[in-house]
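Naming follows writing order (A, B, C and D), and every chain is counted from residue 1.
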């Protein structure tokens, strides 16, 4: 029985880049983290240590900075497309390029209802992501949002589930529903207004979460995914990961105090984890 | 030479509590993390393992949840005062109570310019903090803000510093200035509108940072501290910690590309760390 | 075009469990974190909020603790098998169970070359992992090691790679090679001595890393994977992820000091990331 | 009332440095993280933005790398002394230098009971620390250990404590005692064999923890501190921080299963936090 090298890839992760675009009336500030990964004919690097087909990850990093000056001008999707195209065009041994970009959000400071010229506040956990996969056959763009921490204080219940010998959970018609939402969706084309679409899809996700009368996390997940597909023809499929950030009712009754669904223990672990993908048939 | 037990303390950290306050027209959601620490006559617990003067940290935790129902109704400062007072009042062996509370920010979702009734977005790194120290002599309230990530793309330089044989840094009249600001300030009284003051002081810090023509981090630090004291008589002293979140100009010239102060490497380590305290004489 | 729910799953993550096994002459201490995830006929939970086929994640958690008493007695692989079998046996709507277990290493303290009866030191980043996937068709066990931080100070070079207009990396015949190794391997059977195999495979990985004359990370990766397959017939396939933990030569020459491959900057980001899978044909 | 700048300091944190020392028969590998902080006459930097007395933090960083070649040859204490002395000697405006060094542990790999020539395993959370404070009056060296994760499965109880209306904790004569120990101790001199002392003090801490019949964390803390002072005349004072890493008995009885002190929930938050300092009178 022969041993063979199956799937392999290499690249540079966490290329942290920031850019100042100096507009006439304000400064735009963008901060991203880029991952590049190459697949292709690298067999001899593994078997012989022959690096003649290896573009060093250090060079990949330099390329990201170099191309950012001219080409990182609007959406992370468009910059990722430029990068993927560059690596596949100039490296014939490469059959697939994967570029992932994560953007950190920065908001201009606002004083007296006027955005400041060049001062920003950052620090949100929420990030806009994109993944571009380019091969000879074409390109697939999958964008998303991650670490979007959302919560609703009502319109969420969980009842009617299976009971067995290990059940201790109490049914409730009114609980806190909180999750650190991660969503990724496939675009049908590489020629779209990605910035505008991202804003719209984010809004759709938030609105559906807020307005849904949730009988389970599963039901809300499907509602969120379905609404995105119904409202955005540019999206062919969406996947959602909804880890439960539990807020558990504290037992105040043991102290003779009533807890009218007011006081909760916030816990990180263990956590329920609900995932699903909605697609067009 | 005799060995003695000097300063000692014990308590419960990271008591994670959330509360829903159900107003007529919307739900208020608050999430905090509480640390309690007691000092006092605990010598025999250390020397003999005699726990008769020890209020278990588990009970301290329960007390936080129990008192939150009635007493966590507005500012974290007021709730911390209630907690500190409770522990010192019911435990005669305790000479000092330290209560620290950190509040996680949650913003109501807004759709069509209208805040939603009960849906929230969280996830900001920025936290409001307070520390209450209560003894027989009285109480000191020190509030603050932490992990406030701020950045300005201009109006910051660094020139005219010492050069020696290990200097490689280039002088610049125009750099990115970014910091994860931590500020703590002492209040002169326990009877203040802490919620309003916090909002005002935060605004003062942001404004000063944004508008200052910075010749060094040190100069901006003093400006921020001084402005808070000048504008808020309720504050007797303020300390600032301004770690430098460096954005370093990437050398594009080595590739024959001009970098007109546009493309930067964002780095976390190593980082400059500037601290200072401004007080009233 | 109809919308459909594709792949979906739900379960409990980070069920943190510890166990003391009181042997006659010493106490054994084990600490694990368990993830359970169920797939199956959950369509109506998503579409209707009908939870009648949902075994709550809270019950899954309780089940892990309940079964641990009798069944977590040796390898994490065997405990994962018991758990997977339990969930599929008692839940006819479930078509696939995924159980992941990660074990935290604890070492008995040793004094005067004698292991202590019941005191332990922990804290290593290295973890033993297993993933058991059970369906009607059978079971697949994939075990692994993660966050294994290893380093060699020599016998590693990187030369002869592609140079282009963005190349700045210097070729070197002698560099530091450090990685936080993650390896996962498929076992050919569910009836193996998993504890002994894990120890052997870990040793094989370390030995190959240490003794290999590395011309590239890719070459060492293949050597590590190949040696495991050659030495352990119980393994059908192995995947390795070798992020480069860079130690970059510091330029002391600019200060007139010679750096004879002695002084390095340790950096976390950006980092090279090399992955590959070796299999039997 | 005039505003004044009180305590202020600035410096460079997280200067991550690694060094290979090539001995005849093996390679020694060391990895440290250095913080430098300067205090002194920096008033005009704050008030005027006059940087003429400011040694840039970037230069401080370069200095650490430059001096490491010749002077980082044995203990982190001795290297910290060299660094502190350098900064105070060449900067007359500096009145106090604080140098903190944290060392990451790396162990040589061992095959067939023989340590390998140049391959290492790292990844332990445990770190050796030192803090050197130098002024015109002299120097104080405070060394320590941090993130030392230790656990004992028995010989620990907690009984006889205060009960009040919020008590729910059950007394126990036999519980798991686990802590992530942080200890710092003051040395009486700058001319000591720090490497040997560190090994001895670490051993003393572990032994005392393991052998102590603990009636409370407080009692064990005092025992650990006292034993170090009794055994090591070179230490004048020791402080310990013992956060409780709780392992809480899981209630299996609710399922009709006996839990003979075997199955525990491992939790990180909330956690008891016990601190104390033992000194010579």
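Assume a residue touches a chain if its C-beta (ideal position, glycine included) is under 8 Å from a C-beta of that chain, and two chains touch if they have at least 3 such contacts.
The UniProt protein names, listed by chain, are A, B, C, D = Uricase.
Keep in mind that this is a model prediction, so the values were computed, not measured.
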item: Farthest-lying chain, centroid of Cα atoms versus that of chain A (Uricase); value: D
item: Result of counting contacting C-beta pairs for C-D and A-D, higher pair; value: C-D
item: Separation of chain C (Uricase) from chain D (Uricase), taking each centre as the mean of its C-alpha atoms, in whole Å; value: 29
item: Interchain centroid distance [CA atoms averaged], chain A (Uricase)/chain D (Uricase), Å; value: 37
item: Interface hub residues of chain D (Uricase), defined as touching at least two other chains; value: 16, 62, 66, 166, 168, 255, 267-269
item: Chain A (Uricase) contact footprint on chain B (Uricase) (complex, rising order); value: 16-22, 27, 29, 31, 62, 65-66, 68-69, 106, 109, 111, 116, 118-126, 147-155, 176, 180, 203, 206-207, 209-210, 247, 250, 252, 255, 257-259, 261-267
item: Contact set on chain D (Uricase) toward chain A (Uricase) in their complex; value: 165-166, 168, 254-256, 267-269
item: Chain D (Uricase) partner contacts - residues on chain B (Uricase) that touch it in the complex; value: 1-16, 35, 37, 42, 45-59, 61-63, 66, 90-91, 158-162, 164, 166-169, 214-219, 221-222, 225-226, 229-230, 237, 243-244, 268-281
